[in-house]
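Structure below; questions to follow.
When the chains are written out, they are named A, B and C in that same order, and each has its own residue count from 1.
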Amino acid sequence: MPTPSRYWREIPQRYRLEAAKCKKCGAVSFPPRLICPFCKAREFETVTLADKGKILTYTIIRVPPQPFADQAPYAVGIIELNDGVRLTGQIVDCNFEDLKIGGRVRIEFRKISQEGEAGLICYGYKFVPE
Amino acid sequence: MEGIVGYGAYIPRNRIKVEEIAKVWGADAPSYKKGLLVEEKSVPSPDQDTITMSVEASKNALKRARINPKEIGAVYIGSESHPYAVKPSGTVLAEAIGATPDVHTADFEFACKAGTEGMFVALSLVKAGEIKYGLAVGADTSQGAPGDALEYTAAAGAAAYIFGRENVVAEALVTYSYATDTPDFWRREYQYYPQHGGRFTGEPAYFKHIIGAAKGILDKARLKPSDFNYVIFHQPNGKFPFRVGELLGFEKKQIEPGWLVSKLGNTYSGSSPIGLTATLDISKPGDLILIVSYGSGAGSDAFVFRVTEKIDEVRDLAPKTRVLLDNNKNYLDYGTYAKFRGKIRKAE
Amino acid sequence: MREVAVIGVGMTKWGELWEKSLRDIFVETALLALDDAGVDKIDSLVVGCMSSGIFVGQEHLASLLADYLGQAPVPAARVESACSSGGLALRTGFIEVASGMADIVLVSGVEKMTDVSGQEATYVLGTAADQEYECYHGITFPGLYALIARAHMEKYGTTREQLALVAVKNHYNGSMNPLAQYPYKITVDAVLNSVLVADPLRILDCSPITDGAAALILCPLELAKKMKKPLVKISGSGQATDTIALSSRKDITWIESTFQAAKKAYAMAGKKPEDIDVIEAHDCFTIAEICVMEALGLVEKGKGGKAVEEGLTSLKGKIPVNTSGGLKAKGHPVGATGVAQAIEIVKQLREDAGPRQVKGARVGLTQNMGGSGGSSVVHIFERG
């Protein structure tokens, strides 16, 4: 479970999908970086990622890590958004049998985890089949 | 002119039927269905709450409003199921849509009328020239105590409205609010489920305040029921809206487009606001719409809207409410429903 | 650069070692290695351990272990690269000897994983992934490799049975290894019917949670010659990194870091994949071994599954992989694995592997990997 400051620091990425586009070569880094891994330039502009994409690969987690104990089984996938950026996230609101590589999904704002009954509630992006 | 510039709804896809609940508690399903005029209700997934639904409804409203979120000067969520007791829901929404940091945020609460409360304030700030756009959301994931009558109807959903002066889709002509201290339904702090006064929630509560607000606004606006194309009342069950409509002089066909409760359940602070989104979805330019909410405790907010030609441009820019209600449904059994709603006692 | 030899090895049985603490297993194996080498004083200690801090609340590990081995004031360092910490420790020790900075170096790998709950252990292993963009969303290690498995199966037609055959092979080998955690055979059916962990991977596709340590002693080849030991030298060493998040990889089905590390090791040793007689590969999950075979250049991309099916890598096959039982049967005390792999190869080259012996093995290779491929360390060993 992230601490308040570690959670808060990633809000622009988790809530708004803010990424960094390299001013020199145009490659998009998500999360944003200080140096472009492709061309090593150091200047970026803020962009927002596309909100739709397709499933590149997926699995169903049946043995969860502690913060997700209540949620299992749940599907997780690597999604390639329409702008080419790839991210990892849960795929929800679906029957597991309907999941397939190439399946189209859109992003929804959901609760990711919470620290028991008294701790922080963590929000972020998940994927819902279209 | 000021009014609605964008609107949007969000309804979770899970449902549970009245029969499924009745089966577990040994209740007579047909008589519940007949008495409540409710067949099924929406159920939030464990990863959905008032905040997540507010964000999705607001994104739909933004799709229709087509404005820069940074120009939103106020963000309000009205709910009786805010995820935190202390820590605003509105700030999460404001961050998620990109309205921060130059924004006024407040969380509203007044049982089922918290949504229209936020709408009243956002609209008023626009009217006063204080802000360019104001976003107000009515959303809830309220709980009904296991086996209680409310368990058959307590549902989840959200509706978001963006108010402004430019490209108005539905002009806000008049508002009226009516409130008294009436203890018909309440929940004390640290209590998981609310309590209610049984039949006391009817005439002295729901009916008195809706009628009070409706008569007040009709007087103020110098309009009669027959002037309206549509009316939306708060929908705690399927019968009350028709009964109060009848008492006020409205016809069934005026109520039907915004009457979702039989398939949706009572979405509390989302109830009449979601009904209004469904109505806007089928309205035409020039239509006159009345919405009267009700919140236990008790009070009602009433608004008169006149639809403009802009509705034809924006209607299809986001999912229609009836589509969200009728499509892609996932029916749950009571065990899964209880697990999703945190009604099963777990180890510490 | 001096040539470097391995002159001593030490390893005890791996498993759920309730009675032994992290310091116990380190010292026991270190003493065995020192005895095997016939030395009692070392010039440097390098320890590979992924997460003693979270598992047993102990940092400052290398100093602690130097102290408990009775070797203080020896310089000591702990190195970490998740599951390739052991391989990295070996490489670090190799560099110290090769550069002339130290003569006798004790390289140790150790991990004590059972003092925390299974869920806590899953969390710790997850710290090898991207905490904020993978773990935050509920991914686990089996989950990451399951993502790779499904992509590999979709792209190349690799089958569930081919994955199972990796586990079956490694258990067959491990059944002949008295130090293995699970020294018994299993069948393909057993794998395919075992409980699902992260579709399509089942529990028998996954390496276990293990307590264990392994140690070896390095010294300059010239010194080893003087000591009249069976000469085994390290002729190649390579390490490489790749993106930490699986979603950032160019090709989810390909382990680029192993390819790059192997390239460097092959070049240093002047060897090609065909020259290798026996390999210890990082089969944290069955799919991993298949991908590693491809990345090491033993087979073409995508053909790893078929190769296992055809017996290329079985004990009697053309290029035996994981004669020790691999991580699957031997166990995977994270930081210790890389060192234990080296020990198996040394035993093979010393012709000391008993029923697991690959006849005439002269050149061996170890491949140790961190996370979902964010780091890889490859070493090549030869008879001196």
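As a convention for this text, a residue touches a chain if its C-beta (ideal position, glycine included) is under 8 Å from a C-beta of that chain, and two chains touch if they have at least 3 such contacts.
Since the structure is predicted, the reported quantities are computational estimates derived from the model, not experimental observations.
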Touching groups left behind when chain A is ignored (all other chains fixed): B | C
Grab the C-alpha centre of each chain and report whichever is closest to the global C-alpha centre. A
Chain A and chain C have mean C-alpha positions lying a whole-number Å distance apart equal to 31
Please tell me the distance, in whole Å, between the geometric centres of chain A and chain B computed from their C-alpha atoms. 30
Between chain C and chain B, distance of the C-alpha-averaged centres to the nearest whole Å: 59
Residues in chain A with touches to at least two other chains are numbered 71, 90, 112, 126
In their shared complex, chain C is touched by residues of chain A numbered 2, 6, 10, 13-14, 31, 37, 56-69, 71, 74, 76-78, 86-90, 96, 101, 112-113, 122, 124, 126
Please give the residue numbers of chain A that touch chain B in the complex, ascending. 11, 15-16, 70-71, 90, 92-93, 108-112, 121, 123, 126
Please give the residue numbers of chain B that touch chain A in the complex, ascending. 13, 45-49, 51-52, 55-56, 59, 83-84, 92, 95-96, 98, 328, 330, 346
Counting only contacts in the complex, chain C reaches chain A at residues 119-120, 122-123, 126, 130, 132-140, 142-143, 146-151, 154, 195-201, 243, 245-248, 252
